[in-house]
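By letter and in written order, the chains are A, B, C, D and E; residue numbering begins at 1 in each of them.
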């Protein structure tokens, strides 16, 4: 177990390092922050001065080393745009992002999982078909199309809800819906197939043979088993809590991390991008790790390697 | 006493590129919108509601002492946002070393070179290195400010310069409060909340999100009509329009021309705005194999039906200008000049003469960095195709990729402005020897370079005009460096009920003269 | 050895009768739509009434059912129907190409992990984590930046998307097949690894992979439209469904047909593929039978 | 032919690391712990024992599918090359394995014929064009009809599948066949068909068989000699009839008595008490002593060695040896 | 058939003319079976002949696609088509079932104590601590060592034999009148199998519970059951008292099964398999299902499905070629006796 954790942690650290390195190389080679931040119309000498000041003239490997040794000292750098600490910029955005993604996650779970379970329990019924077609449709509409249509209906036509911005909880309703619907659809499909798989297992029959009423069989016996595959998807959703709402944030002018990432990438504001990537990669990697540990919790068979080779 | 002045919200595509509200750092159109005339004011102002002609600003009058010196009388009783009175000291500080020029030295007699060295750390009050560089480009030879008395200052130049008044009125020469700058802990602290004399002051700035300006009630021009102005960043066009229609925003800026009729379908709304001091160009790289021959470039300039683009994509709301110049140049304006005429036959002939074989000519552009950019590019490509030119669009992600010096650089998009009313501010500054086009190694022309120096240093107005005319001939006809497509325009949508008039610029004027509230 | 005496074994004479497998109506619709869309893509050149880049500034934003332009025109007066047809071709190319690349790449990685285990496996898993943790935005940007808007590269990039899922599936299935199952048996005969993986394991896990591909396919189309939204998708003058939706979104109120035509095509196509995929999964999964 | 036995296994051991519980330390499980066996040409060695006693592991080690941690495996007097190498792969033609689960051992997507001809393809036996005919002949030899070769595994019955597996194993005319519970999954009637087939084939081809099963009735039917395993070791080995008729080791005795035989109701049966042993926590002394009815003090401390009894078989039991010594002394 | 059994009292469960089809394919063709209190009945037959389905159908545990006709009467109550609540109280409470392959029949993510406790709570009316105590008692009863600790274990932490015992404990929790043990020992090896069979027999004796033992291993059946029903292709083709059946099987199929078993003692001889395979349910021959494999097949066999007919006291067989036994015959002791 310890060994397992150790390997996982090593892998996680390497993954994060790989992400940061990759982003560094790609971003530095594909755009000059000076030209972008100073704007192309700035005097060439101003651009040269900017480059010099930020060390953008140095060979890329030197910049890379400098960047990494700074990280080693806990120094995550400053935004090239306004000179403020990059991490501060990112942290300022996190509450807004979470205010969007957490309710959306709740929505995904709250709609997707029950819908999936329902469809599985009533397999091949009319409702099953309806739920599944709705789910697939919900998943296939690009989120910005959905967002724009929601705004047209609920803001412009009906005037019920604001169309963008982040002033009150009412502002969050439409973006949360937009984000939630697609995810709920994915989750519903996943839950359904996980549930169907479990319902075919013989321990479900055993439970019935004991005289356990069907509703309790479903709750007590099927659900805990169906949770295992579902957790994977949920883990992925949790992993993308931070930067998973880029498009929706843009459509709803929601000042979240996703938008910051887009802007920072466009500006090649490296320190900011890297801070976000660090957070994103760490969230994703820890979500993965938690999922792995949860597997063990949900399914005791996975707790030990005991059965690995036995047959 | 209850303050029942209205507060308004303005949806813009971008608040500021640099996340800073310093005029020397944020050198962009979008910056102009939030700065002028709400926040920053210069000594010589512009008539934002008129035709941008010079008008008294923080200076009430000015006069030439000699070729190198201008004297200005400061307006009295002007209060900064922090309550300080504007004095000559603030003006001198604004144009001083600490704030503007850093270690740079004024040049005398030559355009400034690119290779000077500046130091600069980040977290200190020390100026970011690019600020002095920008300032020196605006004021290449300014020796300094002479304080004559509390309300009188003199600008002293190292070289004779007929454009000094223009430079005083230009973007970047606005006045700031000395005490506030000195008291701020870091440069960026100051630059996110600069203390100036404008009718509105910064209440809260959330970079990339919103900027809240509130009324500066001691404003010299009278109590501002609005309690607060909130700029919110709404990158999506549709979202800006939707927010306007649903009443969330009072103004929606950066409206693409195609949306105008849609918005105005609703009788309660209107779209204002029009041309600005900015021309859209297509720029040539004369080193590209296919473009070495000026005939090919000339063919390209004649193959474009500019008026059709203006009429369709711009709904006729902009114009095809007379080359890279603006009427506000006054007597420097070459009024009988025009862009190359649309003549498909001529274009085809030129192509034939040039011996061009149909090899691809890459055309680099950004994805709608300029209004209608992608649409225009696709039309241009088709128009060129009709003339027998095989132009291939290559969408790039940023300017480095556009400017990257490779054998595939041939045609690209650009725009040019004129920060003040003289061709030096456009032709020389953009296409002269130190201009971006030559610095990027796309194009050069010995004669034009000579003329650049003349235009910059000469005080003989007739000779200057002749030089400028010749420069236009070279750069737009003989050895095309670029070709002007159309003037740029910006459009702002608002409820008809709000009595407010748009400027022929990005700047939005919310002073009392331009606000009639609900009519 | 041929004359070893063994008693004859009566044969099973009939295979199990297939229970009447009526394809559900919706799945039928899905299959028909997919066939239609593929035909459109294949014969795009013959079907387009106009060159898809041909502009007509006098006929901008013409309404659908215009005598010359059935689906109307866009902001440059280009025929929406022609653009839609070409877009279908490009999008299908991207989606098919990317799906196949991710499946091939992922399966290969999965097999490598399963075959070598140990450090190779950890590296593959790390790359999978990397792919999940790296915002796709940055990958997309790197391709656009370094390679321009070459379609093959774009397809390759989209192919990077989702390979990890195949890698995990392939690894899991290959390990279990190798332990005691048929793959172990074949290896035991003396077959080389290539034979074991390609001839035996691959065909056996193909159905799972195919079902997985029906999931990737719509995701790629959606991803491409998301990238187009950010300006990183298929670049003009080339067009794709996502690109049309992305550029058309400004015209949602003024000229909705520019966006709705491709948006409906996306929804219908992905819906069709998903429905068929879900159906296939139910059919191919023995535990559900 | 050399005089070396077909397969000779000398003191092989195999350990697996196994973790118990969430934070458990890995424990070495000695799945096979010093086993020696010999399989002669044309003869069958039956290997019986409780589940988990290491029978399959022994089989895999004997075939060189895994390397032993200790001891060595000699095939025709020569050691087996490392698994996965070309030499090892070529050697597969000489020795084959038959698994318990024929469905699992067959590729569900290929027809029976294709799978039976696969060894020809792999080892390049015969002309490519003839291989189909060769495979068909092989199918007929194991009692399948030619047309059944075109079927897929799931279209055959369990016994037919096992025949196909056997046909595939015989394609290269191997000298050694390791059968790991080849009939355990089959119904009695089918089981009889397959057992008969194996016996016939052995007589026909002179195969050496290592036959693993826990069904003593089947073991007795096919084996010349029988080895009984308990917890990774051989506790008794000898002539099949002798060993099953009069087991000397108490474990063998229990095993024999537990074998259900119809119509033999109410015969006294030794029902072992306690659990099957845990290979991770091997009891001290004789591993069987906690469940042994005859266990003595000595059994708890001293591990018995596998020694011959006067009747020729080998037994690892203090009690049995004491008894034999006593009888010898008495006579 | 009830009238022909040796029991005079009315049966606990009477199955009458039970048929089951899946997707229109009939797999049970009218099963008649009666179980009396305290009786041990064996159900034998090759794989796929319908042994499990019979009882799954009786308890309503088959998937929805199965069509069931006939009747199953438990103490005067019809079970086929009964309300779910009725079935819930019968299952586990009156008739308990042990499934083949305990590894997959136990829920892998629930602790064993809870799985057993659930049955106790449902049928024993127990709660809280009492459940745990009772579960421990059951574990002790079925011989699971270290019972207290094992209550908190998960199925994968126990061996197959132990899991099978847990299944038995679970089945016993509801104090059922009938225990249906579906191949309780197929997955186990000989010594453990012996332990389980011993256990079942003991419990039956102690509680006077009826035991239905399903297996295709004639040896197992013979050692445990009083009465045996032999099934073939969805029908019962022979039924008799255990002793009688093994001494003198009447139906050629039963004879074949017995002959196919290798002896453990005595001279080794070539095995005599029943050649061929069980016909698939969708491909049954028109007459006797066994006819194609039957050494004694006559012409009539191909045309008529033989019904279960009395061949001697307490014996029935479905074979037209088998004449009724004149009188109880004593066969010489088998060679391996």
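Observations, loosely collected:
Convention: a contact is a pair of C-beta atoms (placed from the backbone, for glycine too) under 8 Å apart; a residue touches a chain by one contact, two chains touch by 3 or more.
Note that the coordinates shown come from a computational prediction; the quantities given were computed from them, not determined experimentally.
Counting steps between touching chains, the shortest path from chain A to chain B takes 1. A comparison of the B-C and D-E interfaces places the larger number of contacting C-beta pairs at D-E.
If each chain is reduced to the centroid of its CA atoms, chain B and chain D end up 89 Å from each other.
Chain centres here are Cα means. That of chain A falls 53 Å from that of chain E. Chain C and chain D, compared by their mean Cα positions, are separated by 48 Å. Residue numbers of chain B whose C-beta contacts span two or more other chains: 236, 238, 397, 401. Residues of chain E in contact with two or more other chains: 273, 275, 277.
In chain C, the residues that reach two or more other chains under the touch definition are 7-9, 12, 141, 145, 180, 249, 252-253. If you check the complex, the residues on chain A that touch chain E are 201-203, 205-214, 220-221, 224-225, 298-301, 306-307.
Remark: chain C residues 24, 26, 122, 125-126, 129-130, 132-135, 137-138, 141-142, 145-146, 179-180, 218, 222, 225-226, 229-230, 242, 245, 249, 252-253, 259, 263, 266-267, 270-271, 274-275, 278, 281-282, 285, 287-288 touch chain A in the complex. By the touch criterion stated above, chain B contacts chain C in their complex at residues 236-238, 241, 256, 258-259, 261-262, 308-309, 311-313, 367-368, 374-375, 377-379, 381-382, 393-397, 401. Chain E contributes residues 46-47, 145, 159-162, 188-195, 197-198, 216-223, 242-243, 246-247, 256-258, 260-265, 268, 270-275, 277-278, 334, 336-337 to its touches with chain D in the complex.
Contact residues of chain D toward chain E in the complex are 50-52, 157-160, 187-193, 195-196, 199, 214-218, 220-221, 241, 244-245, 254-265, 269-272, 274-276.
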